[in-house]
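One chain, chain A, links the two complexes that follow: it is found with chain B in the first and with chain C in the second.
After this line comes the complex of A and B, so read on.
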């Protein structure tokens, strides 16, 4: 007995030596591609981009050395105002989307009835078509003698056609249009799982619907609101196609500046530095937002206890 | 129960808001649809009815080339990210622990797409990789993984673990369990996620714009340059065509067979 056990031991060790993967490791090798892919094409590029922000380029575009000049070049009033404008636009987009999305999702989840799937269908169809086609569509609506101006003129609301295009208004409109479903869908799916008897209990116990909304519905759907907010806020901060096509050339937004630098002649490191700076501001603002919503949640729930 | 004035008031105002939202969503689409039959090009007002632009749409070779490119990119990247996601679940079924790696895949949620696109461009140019179809597919596969892994893994955790345990206890190997139990149970989720990331890849603009280079054009990049240089009603005709196509896909997505929820 003892002998046989001892004799088997080195054999097994030898086997594992020759085989690069022991039996236990094979599944890990199979599970790897996704991890390797994510590291190689997500984290490594971001790391390289961050590192490249300190590269000093020669006139031919070769790396000559290391410098902090790009960051210094970014630290001026113009660049800061661009970042704060982008944060403002993203924040405003997210807020408008939230104001539209919450009642919409509420209706869809609780009052939708048998039309629920139909309404959801009509919500998702535009969401899933190319957004550049939406931009094109809004051109037809907002144009000087387009649909909206004709409507306003025929209703005698305005005397002369308004220039809607190439303005802050058209950018905000398109942003809201594009990102609205990102806010509706998480809130809707959270409200749908919401236990409706809690709502009934609250109103049975004498709460008005505003009180119920404040102390029951909003705190319990807060994770979804938070998710929707981030899903709108983060991409709209970096958005560059919408301001590029609808914003005219009066204002620059973070996405446009990054694109301009990155695709420009030998200005890629400057673009990388600006991207790093933007990302820092973005991370800080997200942290602040998460902290604020936590406080708000506590405050709303606290109002219920007192 | 509170079925008083406030309740019904809030009900009607709510309905009003929903109607308004749908008006907001569909007015531009309807206008776009109507003007695809206009004889004169943007920004001219309505002239007379024509289907000329539809004929031109089906004769525009540059447009269809970019359309085919978009289809190729979306198919390849969907295949790549779905199969990588499935392999990851297989690893989990065979006893691996992936929960500690999982937060890595949420990165694409937190980082704006523009930043990822810029990073990928820097990455490709530093290693001297020529931009084209492969770089776009690789980048879209990263984008897809950010959806596939969290969605599929969440649905995998919601499966009844007893079914897989029973299979293992009754003597099936992990791979038999995976192919006969886990994969069939996950099939609706996988199809739904596949459709979702196919659409995302097909419609993606930002990453494609940076990673496609000058010679390779997908539909989004083509549309961007078209809109910049002036809108042709051919784009209207195209959007009507694409809307019909998307509706079919969404219909499939909502069909009773696909009773899975990934939102």
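After this line comes the complex of A and C, so read on.
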């Protein structure tokens, strides 16, 4: 009798290997392609990069042994100044993008009304055309007798055309233009979801607009601000096309150095070493940034978070 | 000194997206009053509250706080606080910081903030949750935090926007009592918006009934509103009622109302209204509990009707009889369940007599 009862009970679950057709494993199965992609095209290349940075190459380009010489070669003032310049430009780009993006996203989310989607559409439209076309378009705007100079001349703001092209200004302009949507979109989607009655509650309790911004709006959208900042900061650190096309040969950035070494003859290990060095600086600066935003959040909150 | 001021609305009008939400509302809410604003969903009562609180801009008309015109005063400068329907607690701040918020933005010294917050935490019995975040609190606890946050800076007027709507029945009853006691202690003017007549009747010193066009139909004490509604909208919206349509006759002496196919019913006109005239159309409202139901003939009642019991609903403290009259009109009657074993049991399809006194009906303009 006992046996018959036991046979009706559900069987103890047996440990099975991954089965893509069982319901429980579906989330894992869905995640698998991304994981494989990540391993093949992200972790593996990094590994190759790190490994190849210590290769000693012969004149013919064959691997002869292992050395730290490339790293020693990398540690010079020129490389450091290039890395710091890149960090500076990336930081400035992210900062300018943030200063433009936050008010824009704020306006779009709270005052956009029924034009929200249309405005968002206009934001994304430029991305339907090729990056090089953007640059060409900016050439027309910035060149000596281009749109901007003609405008300034006709308004009598300047006497002679300004050399916009091949300058730090044009690089920053293009960087900001190119990366701005990466800052706007996360902040917008965060503000869009923002519970507006929190804003109302704050002003109802006597907070001015600035106080509400500092103590409620910014702290609650901080994750999106961080995300947008990183989305702009990281790629603009490695940007090489924009300085190449619009910066003339006056300014060299980390991205240009990497391309130079990587494409040069037998200098790939040196490039790899430089890249590893850049990555280290990038990771440190990001850690510093995240720590700073925490402090900033606390500072903005004033006494509101005891 | 008790900090409390009156609110006066003068010809307040507001439309949103082209449709009139608030229509020339005049309202005076005395200082220290527990005032309820009752109306069906979507009648604009929340908009009225938001206008008083300053969250919406007035189209025309004026709002006075005491003697001060606050129509154009920005929200953060009004000494009026709101308890939001969804509480709107700051999710990134713990209970202490949520409650302290209004004091911190005013720049009050830290020691005083701590003293005042701790005092109010104790008063609301939430001192054990001081370091929890809103997401870690139950609905009732969130409600208490929202209340504490809104009263800690001692506003002149507290606005409550259906604050109990999200709570279960038992908790709601408990919070109702707590609200009454709180208002009694603070003597702050409370304006309570609800669509729940039970809450309004329980809480309010005075209440206003709003209709669908954003107008106020009647202002009065809960008893005045319930017993003497001025319109069929109020009579139907607050409580349950039976409305019979007919014509009014003999206004001078022993007035009666004639209902086609049901007969004549004696009525009382304590105060002649301007719309009343000989033979005018009229609705008669009789509350279900004002009707006595019996299978046997009874004397001493001014009016009688006969009907058939179509269904019986047992409510516990009372029983509801749904009746069908001979002209197919439906009528409701509530009887108190006073005894375990009543002398007379009424069953489905029984022929019954219905009795009511003429002074217990209200005549309404049709």
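Everything below uses one rule, namely that the second predicted complex is superposed on the first by the 264 of 306 C-alpha atoms of A that agree within 3 Å, B and C clash if a C-alpha of one lies under 4 Å from a C-alpha of the other, contacts with A are read in each partner's own complex, and residues count from 1 in each chain.
Please note the rule applied: contacts are C-beta pairs under 8 Å (C-beta built on N, C-alpha and C of every residue); 3 or more make two chains touch, one makes a residue touch a chain.
The structure presented is a predicted model; accordingly, all values stated were derived computationally and were not measured.
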First, second, both or neither for A:204, with chain B first and chain C second: both
Partner chain in contact with A:131 - chain B first, chain C second, else both or neither: first
Which of chain B and chain C A:30 touches, first, second, both or neither: first
Which superposed partner A:117 touches (first chain B, second chain C, both, neither): first
Chain B versus chain C as contact partner of A:64, first or second or both or neither: neither
Touched partner set for A:177, first chain B, second chain C, both or neither: first
Set of chain A residues, in rising order, touched by both chain B and chain C: 200, 203-204, 208
For the chain B and chain A complex, residues of the former touching the latter: 1-2, 6-7, 10-11, 14-15, 17-18, 21-22, 24-29, 31-32, 35, 42-43, 45, 84-85, 87-88, 90-92, 94-96, 98, 101, 104-105, 107-116, 118-123, 125-126, 138-139, 141-142, 145, 149, 174, 199, 202-203, 205-206, 209-210, 219-220, 223-224, 227-228, 231, 235-236, 238-239, 242-243, 246-247, 249-251, 253-254, 261, 263
Residues on chain A engaged by chain C in the complex (per definition of touch): 195, 197-198, 200-208, 211, 215-216, 219-220, 302-306
Touching residues on chain C, where the partner in the complex is chain A: 53-55, 74-77, 80-82, 84, 86, 88-93, 96-97, 100-102, 104-106, 110, 113, 149-150, 153
In the complex with chain B, residue positions of chain A that touch it: 26-28, 30-35, 37-39, 41-46, 48-49, 52, 100, 103-104, 106-108, 111, 117, 119-126, 128-141, 143-147, 177, 180, 185-186, 188-189, 200, 203-204, 208-209, 230-231, 234-235, 237-241, 244-245, 255, 258-259, 262-263, 268, 271-272, 275, 278-279, 282, 286
